[in-house]
Structures are given as structure tokens and as C-alpha cells.
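Two complexes are shown next, each including subunit A; its partner changes from subunit B in the first to subunit C in the second.
Then we have the complex of A and B:
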């Protein structure tokens, strides 16, 4: 029964001109999207490599300079693009790509692509994730909306019933007939993507495991949509109504819920404005040690502490340059302040994530989107991860520079210059995104949500075909 | 026939609960989106007010400090923050350059979530590194906002499609078309009348919902013209989709096929054409790489720093007035710094302009090709009416940069004449006032109407051809 239903449905789909056109359009879109994304990806990566190299040579060739001047001169950390971003661009367009690393200050990543584009950019881009997340579910609706209703409309349901058929086998046949073409499409797409990506040179480490995980996520997503579409088809009496209801579900899940979630998340857990954030940081900074100000209360306190520790009675007798030591202590205080304020932002975001997760109850799109972005390393958490790594590097750089200053000069000697070759000793900034396992572990709630969606929707479909 | 049709159609729509359903859905959507928009505006206003009051507080402290210094008292502030130094005022007491929301800003978020609404330019630092990007979670930017513009541009067409995809086909499918064919009316006029009536009722509901929205915002009377303009725009957009539905109804046949075709058009107009145009614009007029800009900027700065003394000399040669008025002839860090900054700004100008030029070219490109999709036209027009379009923010940026220039210039005579800043100089500090410019074009709505009417015309043409083949037999 399963096989027969499956064969019959597949034949019908193959004979239907609509289906052929729709599938052709989807493939065309996918092809165009992949081609555009691949070009963009290559472009961005070339720029990244060039910028990284140029920046390092600027840093290395500073010449003789006071280490603290070099700290103020600063350097840049550039965010790399990862192979799977070819499939899911995620939030890359909206997140900055470079972070300026300087003394006393943690800077935000700046220059996101979206700020350099026209308002049209907000409509979205023709990228593979757009086709995977929006268009293929629509294709599922188109293929499956009349799966059950047509039996009613043509009167074949009565015939079937009189045969004493097993309804779950019948349903499973129909399910397979819908699932198989989608599965084939997804498999073909991911295989092609895998081959293309593994042949690109110099662009990060491509991992077949990650690609496979992403593939599974999308297959489950399509499974959920197939369940929903068939469920609606089984519960409605007319094809037209089934189509309209399925479309409503699609609109709510893919368009409405994410936008509503973003509004609710923002109004419940708002971010401070950039200026507010800066003002708050400044306020906290003032309450502690300022490395540049030897006259403040905190500086005097530090002075006494150090004198006591070394058992000397003047700063000149210390074995190192106290100016640089104070600078380093100030740097540590400032780093702590930034840590606190950025943690507040992270807390706000994790609260916002809860809103997104609670709205996943009406939208399987949300957990899928978050999972796929995470696996592709184009999500917000990876961005945070990168920013944190850059901050760690910044703190280490300051320590490295202040250390050189403290060791090689004596108190009061602001004229000290480190030799020209010194800068090369600073290790280069290197960032590695989290591994697949830790990405999945971090997203366990999204995995759960998708699992629940899949099982519940299938269970409902099973129950409703029993009573058809 | 029209009056009969009118009565019958209204009864049908009421009995099938379409009108009730549409009213409720539209009211909910309009209400929710307006609520979201208002919430955003409220936050924006609150932020700006807070920034202003913070500056006021700081100013009071600054004046107190100045007073103490002028009376020869000891002050506890750090040496370089004492406001007798003009550079301290310029750096530690910047003014707020805010972009206040326009009256209709609640309608369309546009670029408002991407860009900040106030900055405080200082005398040091570069104009082009003024960060105009707002601190937002990129996830929010990715998903966008559930605003009135989203309801109008994305959802309203879908409601129209659901409302009208089977006007003719359902009659054929239920067999009543043959009965109708015996009536003394042409099928296409009959479909047109039915469509017209549906359009009329939907317009009434939209008008009603829009009135409620504007009542929620409690507008002053001057917004009547804005209201009418907005209503005109929505009606024109609705007419476009009804025209498409009319065409498809005549052209294709079965309900499900109609729905699929209309949905395909929706995807093409609302999702595909905008994104393809955007990407083509980016490919044709690529924005130069920002990362490479950073490299260039830094090598230039490194070069300039080495030649600071020379630059200052040249600068003073060009500005002899500073050398004459100053008796002390003291030259410190800021004298050199400000002179080099000026040079850096001049040198970088062509590079910075390249970004603006490319963006302008992209904008022009969109300006031409937006006529491919009414969704773009309406979205753009709504953003412009709300004062949240790309051009609005570009304009704001320009105003801020010019203000930053005058803020810097204001302190130059103080600096190079080595003159202290005093209490009596306070009232002369430049202030920023955002002057909104209107970017919306009056032509948009009439042109959109023309397009829609053209589509109806096409519908008539098509149906004449089809009538020769017999409308009852087509399926």
C-alpha cells in the first residue's frame, strides 16, 4: 500500500506541468544565488587576506617608538569569512567586520555591509539560505496542498474507503512521495556545495561534518513543513482552502513570527544606544585607576602599595618604570569595566534569545534559522566569540607593550623608545571559531525545539488521517 | 445590473464572513504594527531627551568649574579636563547632534534600526570615523521590524490575493457561471464589477483601520495632507494587486492555479526583484572595501605624524592671523594635532567621497529600476514619508559632519591664539539643529495608479481575445 501510493503520487507529480516549472524555478534560483554568493565570498576573502597582511606590515614597520604610543596607534583585528557562509549568510551583513584594538578602549566591530547599502538591502538577498528557508517550504506547499483534498474532490476517497484500506499506510505513501523529491533536491544541493567548497583554496577549513549537520537541520525543517502541509490538506475539505491555510502558516512562520519576535525582544530587553553605552563605560572608568593620571586618589593608593611591597621609599628606586606599571594597572581596570558592560549586552541578548525561543512555538523557521547560522559560523554568538577573542588579544597586546616599557626604562622616562625590530615579537591575532560539537551543544535547545516540532506535527498528521 | 451586483456581492461577503474576517485581521495587523512603531519612536525620543539633559548637567558643572578657575580657586579635576582649555571644552563637552523623529516615523522603521539618532562630535578624531551605526543585535536587523510598512507592502497583497483569487473560477467550479452567461452582461464587466466592489470594501476597511491608527497617534490637523497622501499610496498599491488578480482571473482558470500564479507574482514582486536589484546594484557600483580603506588611512596617518612640525609651520604660514594675535607663541600637542588633522581630512576627502558617490549611484540605479516592482516603490515612499529612508540618514550624516566642522572651527581661534575659554564664551557655542528635508516625490502615487489602470486595460484586451474562444470552455 505504501509503495503503491508512493508510486501513484510520484507519477502524478511528474505529470503535472506546474510542478516541473516550479522545480525548475527553484533550481534556477538556487543556481543564481549560489553563483552570486560564491563571487561575493571570494571577493570578501581576498580583501580580508590583503587587509590582514597590510595591517601587520604597518604594525611591524612602526620604527622606533615608545611602546605606549604604539599602543595608542593600535592595530586591527579582521573578521574572516567561513566556507559555510556560502550557504547561509546569517547576520554577516549586519555585523561589523573589523575591530580597532587600541590602548584604554574596547571598540565595537565596525563597517557592516548593510550600512553601506541602499534601503533595498533590507528586503533581503538572493542567497542560498533565502531559497532554503523560504522558497523550498513554499514548493512543499505547492506540491502537497491537495494531497488529501483531491481525493475528496474527485470522489476517490469513497472508493478507497470501500476497499478497507489502511489509512496510515496510505498517509505514509503520500508523505514519502512528497518527501523524496525534496530530499533529492536538498541532497543534490548540499553535495554540489560540498564539492565546490572543498575545491576552494585558502578559504578556511571546510568541514564535511558541519555541512552534513546543516543538511540534516534542513531535512528536518522540510519534514516539519511536509507534516504541516499534509495535516492541513487532511483537515480541510477544498484544495483552495487548504492552499490558503498552508500559505497563512508559511507567512506566520517565516515572515510574521521572526519580525514580531524581533519587536517583542527589543521592547522587552532593549540595548542601550551607542552613546549611552559609551557614557556608562566612561562613568565606571572614572571610578577606578586612570593609567595616564598620576595625581588621582587611586594612583596614589597604588603608589603606596607598590612602595610597600618592594620596601623602597621612592618610585625611582623601583626595578621597573612605575609609569608603565601604572599604565598596565589602569589598563586592567578598564578591561574589567568593558568586560562588565559587554556582559550586560550579552545578558540582554540571551534574554532576547529566550523570546525567540518562546516564539518558536508558532514558527519552526526560528530554530532552523538559528541552527543553520550557528553551524555556518555566521550567527551572532560567533560574532561575540570573535569580539571576545579580539579583546583578549588586545589585553595581551597592552600587557606586552607596557611590559616592555616597564622593564627597559626607569620612572619618569617618557622619552624611551623601543627598537624598530621589537614590534615583530608581538604574536599575530588568530581566531578559530568554535568546533561543530560545541556549536551544537550551545544550540541544544534549538535542536530540542526542532525535534518536538517534528514529532508533534507527525503525530498530529497520523491522528488526523486515522479519522479522515 | 451594477446595483444588483452590489447588493448581492455585499450579502455574499457578509454571509461568508469575509468582510468581518478582513476587518478583524487588518485591525489587528495595523494595531500591532503601529504599537510597535510608536514604541520605537518613544524610545528614540526618550534617548535624545536623556542625551540633551546629560549635556545640560555637564554644562552646569563646566560653568561652575570655569567660575572657580576664573576666581583663582584650586579645582580637583584632571589638568587636561579643565574647561579653560578650549580643546577640553571641544572634547569633553560636545553638543548633541540629534535627528528628531518625523511625525510619521512610526509607520516605517526603514533604516532607523540600523543608524543612530544622535552623535556628539568632538574636536579631535576624524569625521569619517564618527560611528553612525546603532548598537543593535544583528539578529534584529536580519529579521526586520513588524511595522506598518511591512503590513502594507508584504501582507496587504496577500490578503488581496486570498480575497480575490477565485472570483471567476469559483463560479465556474460551482457551475453558476453558465447561469451568469445567460444574463445580459459581459463576463469581463461582471468580473470587473465584482473586483471593483471587493476593492471598494477593502478600501473602506483600510481607511477605517488607518483612521484608527492616526487616532492612536493623535495627530494635529496639519497631518491631514500626510494622511491623504498615505491613503492614496495604499489605494494605488491595492489597485495594482487587484488589477493583477483581475488579469489572472480572466487569464487562467482554476482556483488553485490562480492562487499559485498570484503567489508566484507576489514572490517575484515583493521578494525576488528587490533582492536581485540590490545585488545587481552592488555588483555594478561596488562599495570600495572598508578594510582596505582602513589600511590606506593608517599609512597616511603614519606619514603625517612624522611630519607634524612641518605641517604646523605650513598651516601657520597660511594663517598669519594666528601668529599676530598671539603674544606667547606657545605651540603644544594640539596645535600640531589640529593642523595635521586638517591635512588628513583634505587628503582623505577623495576616498571618503568615493563611498558616497557609489552609494549615490546605487541609489540612482534603484531610482530607475524600482519601477519593476511596486513593492519597492511603496516601501521607499513609506520610508521617505516616515523620514527613515537611506537618503534621510545620508542627509543627517552630512548635516552632522558640517556641524562637526563648525564645532572644530569654533575653537581654532582659541587654540592658535592661545586664548582661554571663559564663561562669557559659553553662549556662543555652536548648536546643532536637524533640518529635515522631504525626499518623497509627488509623482509616485499617480504613476502607480497609471500602472494599475494599464493592467486593467490589458485585462480587457485579453478577455476580448478570450471571448472569441468562449469563456465557458476555458479551464
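Then we have the complex of A and C:
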């Protein structure tokens, strides 16, 4: 009976002109979005490779220079565009693509794609994640809103009941008939994306496992939507009502809940303004050692400690350049200050994420979106991870430069210049995003939420068809 | 095949059916006559198990309907006043689906044979139901009953809205089923058709079975008089 109902429903769907048009439009949108994103991905990564190479070349060819001057001259950490951003661009557009690494200061990522666009960008972009997250659920509504109501309206339900049908098998047949076209659509998209990405060999960080994980996340998301739409259809008497209720659920789940979550999260756990943040950092910085100021209380204290440690009377008697040593100590203090303040930002972000998760009870969109972005490495967590890696690299670079300065010059010798070949000894910045396993582990609560949504919605659908 | 013992259905203070006693045997065609609201459809719905009786019991093929809901469905076929099928599917596809729901797996040839037996023209077998007249849909309904090999046929105003030719063809089909031993209960307003096809006739009013006849014992005129007298009683009383 499951197979018979599945075949019957599939035939009905295939013969319905509206359905054919809707599916064709979704395929067209998906095709266009994938093509646009693939081009964008290729362009951005070509720019990334070129910029990384050019910046490294500038660094390597600085010539003879004082290491601390080189530290102020700085360099860049570039964030690559990850392959699965082809499918889910997440917050990449707003998060910035490069971080300027310099002495004494932790900078934020800059040159986000959004800043390169005009105000018209507010209309949004046609991206695969837009189609996957918003349009396909709409298609599910269009295909399934009258799945049960039509049986009542046409009168076929009475005949079915008189034939002694099994309501749960009947429901399962309908469920499968709605699930299969959506599954085929999603499979086609992910396969095309996989083939495109695996052929872009220059950016060889693509992995089929992550693509498959993302595919499964969306398949579960669609399963949940199918359950909800069929549940509404089973509980309502008229197709019109079923359509309106389904659309309301879509509006709440896909549009309302994320925006409400954003507002609630921001009002409950606000980020400090840029000015407040800068002022707080400056205040804390002033309370510690400033590597450039040898006359400060902290600098004098450091002097005393070092002289005592080495058992000498003068800084000139030290086996290293105390100016560079102080500079490094100043860097360490500043790094701690930044660490503290950025950790506060991270805590706020984490608290905001909890608000989002609490609203996942009314929207399967939220855990899906978080998982999808996370697997694609386009979420804020990955961005934080990248920014932290860049900061670690900045601290290591300062240590590398100050170390050279301290070991190769004497106290007061600001005229020291490192030799031209020295810069090449600095290892290149290399950031690897978290592996799939750790991404999934980090998102275990989202996985749980999706599981609960899937099981609960299917259970309710099962129970409601029992009473048809 | 169909037995009801003091079968009653009440909705609050309203009595839809009161102490109905029927005994319809194999090969009987029992027509229930009565005005709207007389309790004909309620009787059929009770026999189908769509509603629970307030008191009394109903049996199909010796099985209590409300204790063996699923099992009794195996023996019966139902054709409502407006038989609705899936409009985008053909007659063959509809028959295949509804038979499948009843657990029958039929070959393409068997499906065709049932449609043919039901009197549907072969050109219509592959046509979509959306193009079918009511009479043609009723024939597909009969084919569904034939395919199910139903022992009991429940018909709710099946000839309402059919033209005389289609109505006559429908009557002939019922006779054919009768020869196969099918017990039929048909609710109708159509006295002429009832006299034509039925072996027994019952007249219902206000949820009660007022009179019962063996069809061959009375003429159409007598039936008409009996019917009108039963109906008039209400008007006089009011």
C-alpha cells in the first residue's frame, strides 16, 4: 500500500502543471545560484592566492631593516574562501577577508565583500543557500499543502476508508511521494556542487565528507518541513486553510524566528560599540607595560627585575638588547589585554548563540542554518577561529622579530638592521579550519535539536493520520 | 450477510436512527426509501463503521462491524452518491489503486476485465477520470466492487443525477451482482428504480423503518401509495 500510494501521488504530482512549473523554476534558480556562486568562489580564491603571494613577496623582499620597523610595517593574514561556501555563504560577506598584523595592536578583519557593494546589495543575493533554506521549503508547501485535504475535498477519503485502508501506510506513501522529488533535487544540486568543487584543483581543500554531511543536514531539514506541511494538511479540513497555515509556519520559521532571535540576542547580550571597545582596550593597555616607553613605572620595574635576574648593574651589561626585550614584554602585555577583551566578545557571541538555540524550538531553520554554515566554514565560530589563529601568528611574529632584535644588537642600538634574507625565515601564515568531526562535535546541540524536530514532527504526523 | 439488531444512533437529543432491524441475505437487493434525514445514510455509515452506534449492533458476514472494523471492510464495497475518484488518473489507474488499497494485486488484463464487466467502454479505460460523466464514474465504482470480490454492496443514492439510460445500466449491473450472491443495501429516493431492481424495500422516516415489503408482492402503484402515506403522516401530524 505504501508503494501504491507513493506511485499514485507521484503520478498526480507529475501530471499537475503547477508542480512542473514550480519544480522547473526551483531548478532554474538553483542552477543560476550555483553558477554565480561557483564563479564568485573561483574569482575570490584567485584573488586570495594572488594577494597571499604578493604580500609574502613584499615581506620577503624588505631588504635590510630594523626588525621592529618590520613589525610596524606589518603583513596580512588572508582568509581563504572555503569550498562549501559555494553552497552556503554564511556570514562570509560581512566578516572580512584579511587581517593586518602589526606590532602592539590586534586588528579586526577588513575588506568584507559587503563593503565593496552598493546599497542595492540590501536586496540580497541569489545564492544556493537562499534556495536551499527558503525556496525549497516553499516548494514543499506547494507540493504538499493539499496532500490530505484534497482527499477530503474530492471525497476520495470516504472510498479509501471503505476499502479498509491502513492510515499510517497511506501517510507513509504520501510522505515518500513528497520526499522523493525534494531528495532528487537536493541530491542533484549537491552532486553538481561536488563535481564543480572537486575540479577546482587549485583550491584543493574540498572534501566529499563535509559535502555529504551538509547534504544530510538539508535532507533532515526537508524531512522536518515535509512532516510539518503534511501534519497541517492532515489536521485541516480545507486546502486553502492548510496553505495559509503552512505559509504562516514558513514565515515564522524562516523569516520571523531568525530576525526575532537576532533582536533578542542583541538586546540581551549586546556587543560593546567600537568606541567603547577601543577605549576599554586602551585603558587596560595603559595599566601595563608600554614597550615603547622606557620611563614608565612598569618599564622601570621590569628593568630592576632583569638586572637582578642577570646580576648586573647596567642594562649595557645584559647579553641582549634590553630595548627589544622590553618591546617583547610590552607585546605580551598587550596580547593579554586583547585576549581578555576579545574573549569578552566571544562570550557575548556564545550567549547570543544560546538565544538562537533557545528559539530553535519554534524554528528548524535555526539549527539547520548554524550547522550548514559551520560545515561550510562560513560561520562566526570559524571566523573567530581564523582571527585567533591570525592573532597567534601575530604574537609569534612579534616574538620572532623582537628575538632577532634582542639577540643581535645591544641596548640603545636602534640602528640595528636585520639582513635582507632574514625575513624569509618567518614561517608563512597557514590556517586550517576545524575538521568535520570537531565541527559536528561543536554543533552537537544543533544536531540534537534537528533530531528532536524530525522525530517529534513525524510522531505528531503519525498520530494525526491515525485519527483521520 | 447484513444484519442489524436494534441499531440506533443519537446525536444529543436528536435521533438519527432508532432500533433498526434488518436481515439482508446473499443475493438480496434491499432498497431503503425515505426523504432526506430519514436515516438512510446514517444506516450506511454505521455499517461502514464511519460512525459508532449509540446502541444496538450491526453484522457483516457474521462479524460485528464495530468489533471487527477492518475485517468487515474486506467483505464490503461502497459507492456513494457522488463517487469521487482521482481526476488526474485514468480509470485503469484508479481501479488499480483502490483495489491495491483493499489488498488485491491485479494484472492489467484483470483490470480491463472488471471495467468491461462494469459496463465501461474500452475506449475510456485509459482516459483520465476528469473527463468522465457521473455514470462512467459509477461504473468504475462498480468495477472497484467487482475487483474487491465484495460480498456486500452499500450504495448511497447511486442513481441520483444519472440519466435514464445510465440509471438503467446501473440497475442491470446490480442484477448481475445479485446473481453472484452479492447482498446489496441501497439508499435511494427513486421509487421506480427501487421497484425495478430491489428484492426487498423498506420505507424509513424520522430514523425509523416504517414499512417493509417483498418487491414482487406489490406493484409500483402500491409502492408509491405506501410511500406517500408514510410521508403524509408526518405532514398531517405537523
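Here is the rule we go by: the second predicted complex is superposed on the first by the 467 of 468 C-alpha atoms of A that agree within 3 Å, B and C clash if a C-alpha of one lies under 4 Å from a C-alpha of the other, contacts with A are read in each partner's own complex, and residues count from 1 in each chain.
Just so we're on the same page, a contact is a pair of C-beta atoms (placed from the backbone, for glycine too) under 8 Å apart; a residue touches a chain by one contact, two chains touch by 3 or more.
These numbers come from a predicted model, not from an experiment.
Undergrad: Going by the contact rule set out at the top, does A:303 touch subunit B (first), subunit C (second), both, or neither?
TA: Touch partners of A:303: none, neither subunit B nor subunit C.
Undergrad: Would you check which partner chain A:1 touches, where first means subunit B only, second means subunit C only, and both and neither mean what they say?
TA: Only subunit C is touched by A:1; subunit B is not.
Undergrad: Is A:259 touching the first partner subunit B, the second partner subunit C, both, or neither of them?
TA: first
Undergrad: Just subunit B (first), just subunit C (second), both, or neither: which does A:240 touch?
TA: After superposing on A, A:240 lies in contact with subunit B but is clear of subunit C.
Undergrad: Report, in rising order, the residues of subunit A that make contact with subunit B in one complex and with subunit C in the other.
TA: After superposing on chain A, no subunit A residue contacts both subunit B and subunit C.
Undergrad: Any idea which subunit B residues touch subunit A in the complex?
TA: Where subunit B meets subunit A, its residues are 32, 36, 39-40, 43, 47, 50-51, 54, 78-79, 110-111, 114-120, 131-146, 150, 154-155, 158, 162, 165-166, 170, 255-257, 259-260, 263, 267, 270-272, 274-279, 281-283, 287, 289-292, 294-295, 298-299, 302, 355, 359, 362-363, 366, 375-376, 379-380, 383, 389-390.
Undergrad: Could you pull out which subunit C residues touch subunit A in their complex?
TA: Against subunit A, subunit C makes touches at 48, 50, 70, 73-74, 76-78, 80, 82-89, 93, 96-98, 100-103, 141, 144, 148, 154.
Undergrad: Using the touch rule from the top, collect the residues of subunit A that touch subunit B in their complex.
TA: Where subunit A meets subunit B, its residues are 18, 29, 36, 39, 47-48, 50-51, 54-55, 58, 62, 73, 76, 78, 90-91, 93-98, 108, 110-126, 130, 134-135, 138, 142, 145-146, 239-240, 243-244, 247, 251, 255-256, 258-263, 265-267, 270-277, 279, 290, 293, 295-296, 345, 349, 352, 356, 379-380, 383.
Undergrad: With touch defined as at the start, can you tell me which subunit A residues reach subunit C in the complex?
TA: 1, 4-5, 8, 11-12, 15-16, 154-156, 158-165, 170
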